[in-house]
């Protein structure tokens, strides 16, 4: 999908809207579940950040590789994963993409859709992503790897090692920082000597692009350009999408560490509204209704699915 | 020691010369020993890089902390360590600063002179140095920590983690990169997307200073300024001293990986000559003779010293 | 399945019943009051008081310089602590999960463990690394491991594995006063468990002294961390069946009080080691081996192990419980061993 | 003291006598010829041919993209290999020293070991990490360790410890063909040792099959790496004294061929494990424990260990040799054990 004006663009915008609004309903459904039923583990809501996630992934080709971050499901859904296995992972169901075992709030994967998963240690996908891109370069398969990460994760040393090597080798990789201003209880401004993560790009001889993360199409366009550049063999790009962490670090986090007012349910610069503006009301309502149904059905199906059997514990240690 | 013009400056220059020429003789004596007697372990010669090592350390106060790098003895000698324990470490003697045990080519230390040692894994002193500086900040002891490292080591992730934190906390630490253009068989240009290591300083919100590493006094001045800045509480500085690796990675390295002519014994822009120019011939000859004698005596004494007893193996595991 | 919090140990005259978390928090506060050189750093330990709440209130009392929030930089947290120790301070640092020692492994296993040795004993490295450890409920393969055996294998590190509030406090105070680096494995599953803790600023539990949590004559069970309570529960079930179990908690793995264990086995003639860490090459093997080295002819049966599975830990909270020893498994194994 | 290179194993009809290094180099070349997806990265492995010369000539044959020099970035070397495996290639990477696995520990013990598991078996990670291991002469505390036990304790990694040129070649070929991640511990002290190697592109030694290096009836000695030759030398000294030693080299620790070891002990009734790794919580404890678990009543004496000291390794080449088992120590221990 490229950045054409005209009918293609309109279709793209609608598709991005459809995915963003679907994820929004999914986010709300999960929140509801966590609040009412409790939940084994932590859920890191991506609400408010769906626009940038979907916008960026919509610029990827089907066989491009994705390493997502821990905030929500937007990335994976945008890459084509159906909702049911995603919810299944979340709820520890055998129907999860990881068969209810490795799943939960941060791990899901879809080899057929090149959704490669996530590590529990922040920043481990910097080096993995660079390695995936090195394989593509070696094989000449024309694929690009996209790696999402938070502003907090940008401080890990793996970034430095991966970014230097990726730049020197001109690897086909695109780094997308979701800068929501917080890393757990720490403000970005307390963790970074520079105003922007993108300010670090020149150190790595790569372009650094700052984009409004609430503007899904702007993120799409910036990502499309970076992916083109990567595919042309010109190396990596660092994109910083400015966004907001609407809820706490995890669902239920009361954020006692904040000295400013905690955000309410109102999402400033809401990507859903922003995308919706250019879509005729009736079309939009149709999309919304369908998305809502899709989410409800998938969530119900996941809830109804059996939990994984204990035997899976011993599976998949070895190939 | 500060950067005054006039008689103080002249005295400083002579002192720097004395130390540089002493280290040069030491380097030549060690080379001779390695060539003739062989040697347990590897010796990474610092020949040609002595000027920057001594120049920088001469800007430190006695109680400032030093983490040196693996290329030679210049740093430690400049910080006041006598030659004999340094040679003792090299030769595995009980008279070594580490009592012949942890010693060898890369480890020596002198707690009383705040020579804190070195790790065998490159780049481990980035984080340790920042931590030492954090302790000074906490204690308010007014001390500055100086960390030396090679261009190759600059690629390690520990740099990123240490440099970001040191900058945000405004820690009193000065980073000195000896860029000799090589990391073992790899050229710096193959390891870095930017022309200079100092190009990375803005990413960390700190000044990046490039200085001619063969000009000991220029390195002294740059370091003095950075140390002043650090002591004033304004945070870290990254100094890149451009230098040359005169011998191979280790003494005996035939450098089969080089496609350009290997440097001979002639040291381009030799710091010894450069410093010597402003010193009257007779004074210089006096210093040289004394330095030569000092080196010979210390090396002989180290050779004559007993090897460490096996019992030391079990000492110093626990305090 | 998860055991519900229980109270362990006997209550002395001056004891209060407090939680394991609270005990750790008190140890930190008391030691920071006692010695100005003690300070802390880690992620979210200051304003938030730690992801598990362990450091709550400490930044208020000691200020942001002595309770310092870092960025996400485990190599700095540990390596920086090593460097700060060289400059005369006593850093007590927290990694959010014990598993993250792998993100600072060079700093832990090389710098902390070997710096003193490599430099001929010129320095001491009085660093404590606090490591929330073990299975706790859906945290997954990289946030739930019990990695204390690795620290036991690499010389130069002391290793504490407290199982009760009293030991958590007393061992942490000992760790902070120790001139050597200490890896302090706190079990996340014990944070809310309450127990008696002496009312004293000088409640210091020396390293290398095992605790006999229950005396018995038929079978010695060595257990640590969360497994101590399960072993005790198993012992209570076994007693009416005529199997009198002695439960020993070594409390520290380095140094290890093997004498107490051997003396017990010389009476009971049977030994079982229970640990949450994965079985193969876990510390159970070391204890088993030392005991048969020193008391082979006292053993009436092989030393057995009841351990975590040799698999990564699944993220699902139910499945992960099936990967670590339950009281039932301990009971069954003990019965079988006693019958040999 | 260092042993001089010796030839081990019996020479078959089609064997050539080549060095351990050469055997590794051949395995790499043959596998890269066989399968285009196989490639390598690491520091100085290309133009230089590796700091120990192991990859000499490979960049010339396979070009700079398949034999790729990296910067000093161990997390990328290992983590990048994991990512490259997910994209359908088979990376064989080198860390310059096995000790450096601590600088990439999250990548080894979390990413390589657990990625497949965490993601429900959707991926395989056919990665080989080559790890020059052990004491070799003045390399110091962070360049000389034997760390294979740690890899054995963390589920998800296969572990090879070849002791002969033939096994070095055959196990490396097996490792490259294995769909699972393999940590391949090459002993630096063996690089120059020569031995017979079959003349075949299909000389593949399966993982999990121990080698009986010497048959004997009185005492079983399990040894790996550099210790195999010392154990064999000890056996030769002990034979005329009437002690007939069986020497078993497990060759891989994961999977471990415990059956062969147990069967031997059931004949000899005595076991000693010899390893260079530090004693406490080393793999000797695991082998000892498994043997007494499975063959307790066959044992006439405790299982003994002869191991590296529980200290960091001093940098001095003479002192470091005093930290690892010598042939003399093995002889002395075996005599004492046989006399129990």
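Should a chain be cited, it is by its letter among A, B, C and D, assigned in written order, with residues numbered from 1 in that chain.
Criterion: a contact is a pair of C-beta atoms (placed from the backbone, for glycine too) under 8 Å apart; a residue touches a chain by one contact, two chains touch by 3 or more.
Please read all numbers here as calculations on a predicted model, not as lab measurements.
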Self-check item: Chain labels contacting subunit A and also subunit C
Solution: B, D
Quiz item: Just curious, how far off is subunit B from subunit A if you go by their C-alpha centres, in Å?
Solution: 45
Practice problem: Find the geometric centre of each of subunit B and subunit C from their Cα atoms only, then give the gap between the two centres in Å, rounded to an integer. | Solution: 41
Self-check item: Separation of mean Cα positions, subunit D and subunit B [Å, integer]
Solution: 37
Quiz prompt | Residues of subunit B whose C-beta touches two or more other chains | solution = 100-103, 107, 119-121, 155-158, 161, 164, 168, 190-192, 317
Quiz item: For subunit C, which residues are shared contacts with two or more other chains?
Solution: 71, 73, 75, 99-100, 102-103, 106, 110, 117-118, 140-142, 155-156, 309-312, 314-315
Quiz item: What is the shape of the graph in which nodes denote protein chains and edges denote touching chain pairs (line, ring, star, complete, other)?
Solution: complete
Self-check item: Residue ranges of subunit C in contact with subunit B within the complex
Solution: 37, 39, 41, 65-66, 68, 70-71, 73-76, 78-89, 91, 106-107, 110-111, 115-124, 126, 155-156, 179-180
Quiz prompt | subunit C to subunit A touching residues, read off their complex | solution = 43-44, 47-48, 51, 69, 71-73, 75, 99-100, 102-103, 137-143, 309-312, 314-319, 322-323
Quiz item: Quick one: in the complex, what on subunit D touches subunit C?
Solution: 99-103, 105-106, 108-110, 113-114, 117-118, 140-142, 149-150, 152-156, 254, 277-278, 280-286, 288-289, 292-294, 296, 299, 301-305, 309-312, 314-315
Quiz item: What does subunit B use to touch subunit A in their complex?
Solution: 155-161, 164, 167-168, 190-194, 199-200, 202-206
Quiz prompt | subunit D-touching residues of subunit B, taken from the complex the two chains share | solution = 40-42, 92, 100-107, 119-123, 152-153, 155-157, 183-186, 190-192, 256-257, 307-308, 310, 312-314, 317
